[in-house]
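To keep things simple, chains are lettered A, B, C and D as they appear, and every chain counts its residues starting from 1.
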Amino acid sequence: MFGEVSRHLLRKRATILYPFKERELVPLPKGYRGKISFNRDLCVGCTLCAKDCPSNACEITKDERGNRPVFHLDRCCFCGQCEETCPRRAITLTTEFELAAYDRSALVVR
Amino acid sequence: MAFSTFEVPVGPQHPALKEPENFTFTVDGEHVVGVKLRIGYNHRGIEKAAESRTYIQNLYLMERICGICSVAHTTTYAQNVEYALGKEIPRRAEYYRVIIYELNRIHSHLLWLGVAGHEIGFDTLFMYVWRDRERVMDILEMLTGNRVTYAINTIGGVRRDITPEMADKVRKSMDLVEQRVTYYKKAAAAEPTLLTRVKGVGILRTEDARRLCAVGPTTRASGVKFDVRAEDPYAAYDEVPFNLVSYDLCDVLSRILVRVDETLESARIVKYCLDHMPSGPVRVKLPRTVPPGESVSRTEAPRGEVIHYLRANGTDKPERYKVRSPTLGNLPSVCEMLTSKGDYVVRIADIPIALASIDPCFSCTDRAAHFVDPSRGKEWSWTFEQIRKYARKD
Amino acid sequence: MSKPTEQAILDELRTQFQQELLEAKVTRDRRIFIEVSPRAYKPVMDYIVRTMGFTHLSTMTGLDSTEGFEIMPHLSRGGAVLTVKVRVARDNPMVETITDLIPGATLYEREIHDLVGVVFRGHPNLERLILYEGWPEGVHPLRKEYKAVQPEPLRRV
Amino acid sequence: MSVFLDILSILLFPGFAFVIVLALIYEWIDRKFYAKLQNRMGPTYTGPAGVLQPFADLIKLLAKEDITPMAADRPFFSITPVVALALMLTGVLIIPIGGASGLLSFHGDVIVAVALMTLLAIVLFLSGLFSVNRFSIIGAERAVLQLLGYEIPLMLAVLGVALGAGSLTLAEIAGSTKAWYLFGPQVIGFAIYIVAAQAELERVPFDIPEAEQEIVAGWQTEYSGRKLALFRLTRDVELVYISGLAAALFLGGAGPVLEGIHPWMQTLLSTLLFVVKTVIILLILSTIRALFARLRIDQMVDFSWKYLVPISLLQMVLVRLVI
């Protein structure tokens, strides 16, 4: 064990200074399921996304063109089921994962 | 049985296992003479919740039964619904499920190896193992979009496909994992202080393992050759050649060896699947409602056999969904291990490592049960009431 | 030992217990479902565990169907899963325990006793299991009439 | 005037203030080196490269609430941390830091040095006993059991050196050329001393009395706030004290005294030499900490009586032959 331990004296550290420096070292693959982005004009108001959402984070509201979903990120479990069920590809999950906010209204995606 | 014993609660919030469980050990000096186990702190009523959700939504409920082996429960659940529908899923999807399952087994076993090192004060091993585990977590994040809750299984196949360059990255990581794990097996297993802490500790004899229906590495470390992948092959396991790892030393060391060998075995399986993965679609559209009927589905999670039972009534919600996670099957065995009997003596210092040796995941178990001290044995001069009366005294 | 096909297992059970075997079906390979009357439950289990060698009890499912309760131990040997179903009347839910045959069953029977409310005659210590001390007596969450409290939706902003 | 100077030297330079600051810096070195061995960073954000982290911990603990459990033996519960720190700080006065001899130098101070270590272990046992808590009692019991294990080899190792140098005062042992031949039988003595020191400091593989996984924090479980701060400070000062003692016994204390240079320069030089030697010993202790898993208490006592004691006796015989 001593050999392995002493070899580490020369090796570069494995941990990164994430929040303050070295943000680019965070491995973020293309298909990462992060914050929801919703394209309002593609949506036809079929409310399938609200039916399939396991943590009912997707609420249906009315607006002039019919039903439109509203996504509450503080309830969402980022499973990506809405992205899959949406027939019009209006919902996509971006790779943004830093979702801390001071008040809950910031966590709503219209 | 002198009355000089007192009870040491290894409580719900305990540094040994960051899991919500309570063991009350009756201790005579340094020797543990009894264990009373109380779980249920994290019981979330998943089975009742499953009855009020659609089959699609249940996928994500099943995934959150266990934080470490989440793919085990979703694969078992997806298969269960596919059995009930009587539909076959594309071969490529089955191979992809095996790949993700084995990657999850590697990450779960490495996580356990690190925690086992931490339990016996070997923090360097903990740091190294968890650093190497990051390779596997990054691969899983690349393949499925998230480090832990993969959401890769769906009813009728898998939701993403693997591209050739992803496959190369996976192969490279598997070589690294194999190289590192063989090092750990050679160096760590030869480390005298580690050996003294795990050899001859937490004995579970073969007939006890059979009698108490132990599952997974715990029972395979006691010489019982029981592995769902070999006996009851599901997904693509009927075509994937792998040898069943089992040791018969019956102690914590043999559980370490079983898990380390299984990690190497899993790396080989992943590489085999990557090479022999047939092309074609990865999922097939299945109806949202399941005709009335029942079905049982089993898989081999990193901790042992997971069994699900589904009773469908023709609607899009299951009528009853029973889940039994592996740790529940191993709990009677851990109580057996932790009770000193005759010349086999258990000390307080052995509790964390014996407890950790079955790799308990109480978040899964809490969906189910707690077990009372096996004081039904004759070597006990106390009845249960005495313990309770005694416990209330101090 | 070669894996006897599901049919062979079924035939052996049929020869042993013709009239008690109310229903027997093989849904897919290595999955056998049989239903026995409460009277024949213990002898059938005894035969299955002791003579046929189904020593591994994976789990036991407790179910509240409309006309009564159903208890289903799932046993396995050599990969084949045999599920034995027994119906129990709703007014006095009572069935013999199988912990003397398989010690591993103490755990599962206690869970069913807690969640579905079936009493297992002869169980060593049939005490409260999953539910915490303060849970009211006689209320069994997995029964159909027990309505789970739905978490009320978050305060919509 | 000289009295004022003495008080000053006790309180300030080679005395308490300097040692406490040194102790906290040693804790930083230990944590940083230990992290480096484990391929991670260690403290980095407080102060340059995290140097102020031990100070920050100390100040935080001092500000935290200080709870005394109802069942605990109140007066003794709060005295033991103070006594423990006092023991260590008096011990430091004997160690030669600023010059050839420590502030206090009298015939037989080697015995006092070792006795202080044993006394500290007893005080830690009492503190575990007074905080009436299951985990503390087990921790206290283990502390004493461990004391039985490492105390004899420790004393024999120290005695071996004293025998070699032919005197019982640290100053003479440090100064005598005979004590210098580390490459003779003293190597065994040094090794035994290091292992026993690791046990005295309750560090892995001998941190059995405060095994975090089994008994939460052993005898420290009930302590919080100021009392815990005092205990942690004692632990750090003990680090300086033990490595200082090792430097004095085995590596020739505060180094060769050069005549003719200005006395201030001399103190500076010997302090520098003292720091260099103690840091080397500290790094050895940290490497040991990174290499091993924690032993069980019965294994530890077995280990010390089966290996440490016979080897230290052998070392005594060898020293006798060599002189």
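What we mean here is this: a residue touches a chain if its C-beta (ideal position, glycine included) is under 8 Å from a C-beta of that chain, and two chains touch if they have at least 3 such contacts.
Predicted model only: the values in this text are computed from it and were never measured.
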If chain centres are mean C-alpha positions, then the most distant from subunit D is chain C
If you average the C-alpha positions per chain, which one ends up nearest the average over all of them? B
Where subunit B and subunit D are represented by their mean Cα positions, the distance between them in whole Å: 43
Separation of the C-alpha centres, subunit C versus subunit D, in whole Å, is 63
So how far apart, in whole Å, are subunit A and subunit D when each is placed at the average of its C-alpha atoms? 52
Taking each chain's mean CA coordinate, subunit B and subunit C are separated, in whole Å, by 23
Name the residues of subunit A that each touch 2 or more other chains. 1, 5, 14
Among subunit B residues, those touching two or more other chains are 124, 128, 131, 191
Specify, in ascending order, the residues of subunit C that touch 2 or more different other chains. none
The answer for subunit C against subunit B in the complex is residues 27-28, 30-31, 33, 55-59, 61, 63-65, 72, 74, 76, 78-81, 83, 102-108, 110-111, 115, 124-125, 127, 129-132, 141-142, 146, 148, 150
Would you mind writing out the residues of subunit B in touch with subunit D in their complex? 6-9, 14-16, 27, 30, 117-125, 127-128, 131, 191, 193-194, 196-197, 347-352
Subunit A - residues contacting subunit B, complex: 1, 4-5, 14, 27, 29, 31-33, 51-55, 77-81, 84-85, 93
Interface with subunit C, subunit B side, in the complex: residues 40, 43, 45, 47-49, 52, 83, 210-213, 226, 228, 231-233, 293-296, 298, 305, 307, 309, 311, 319-320, 322, 324, 328-329, 331-332, 368-372, 376, 384
Parts of subunit A lying in touch with subunit D, wherever the complex brings them together: 1-2, 5-6, 8-9, 11, 13-15, 17
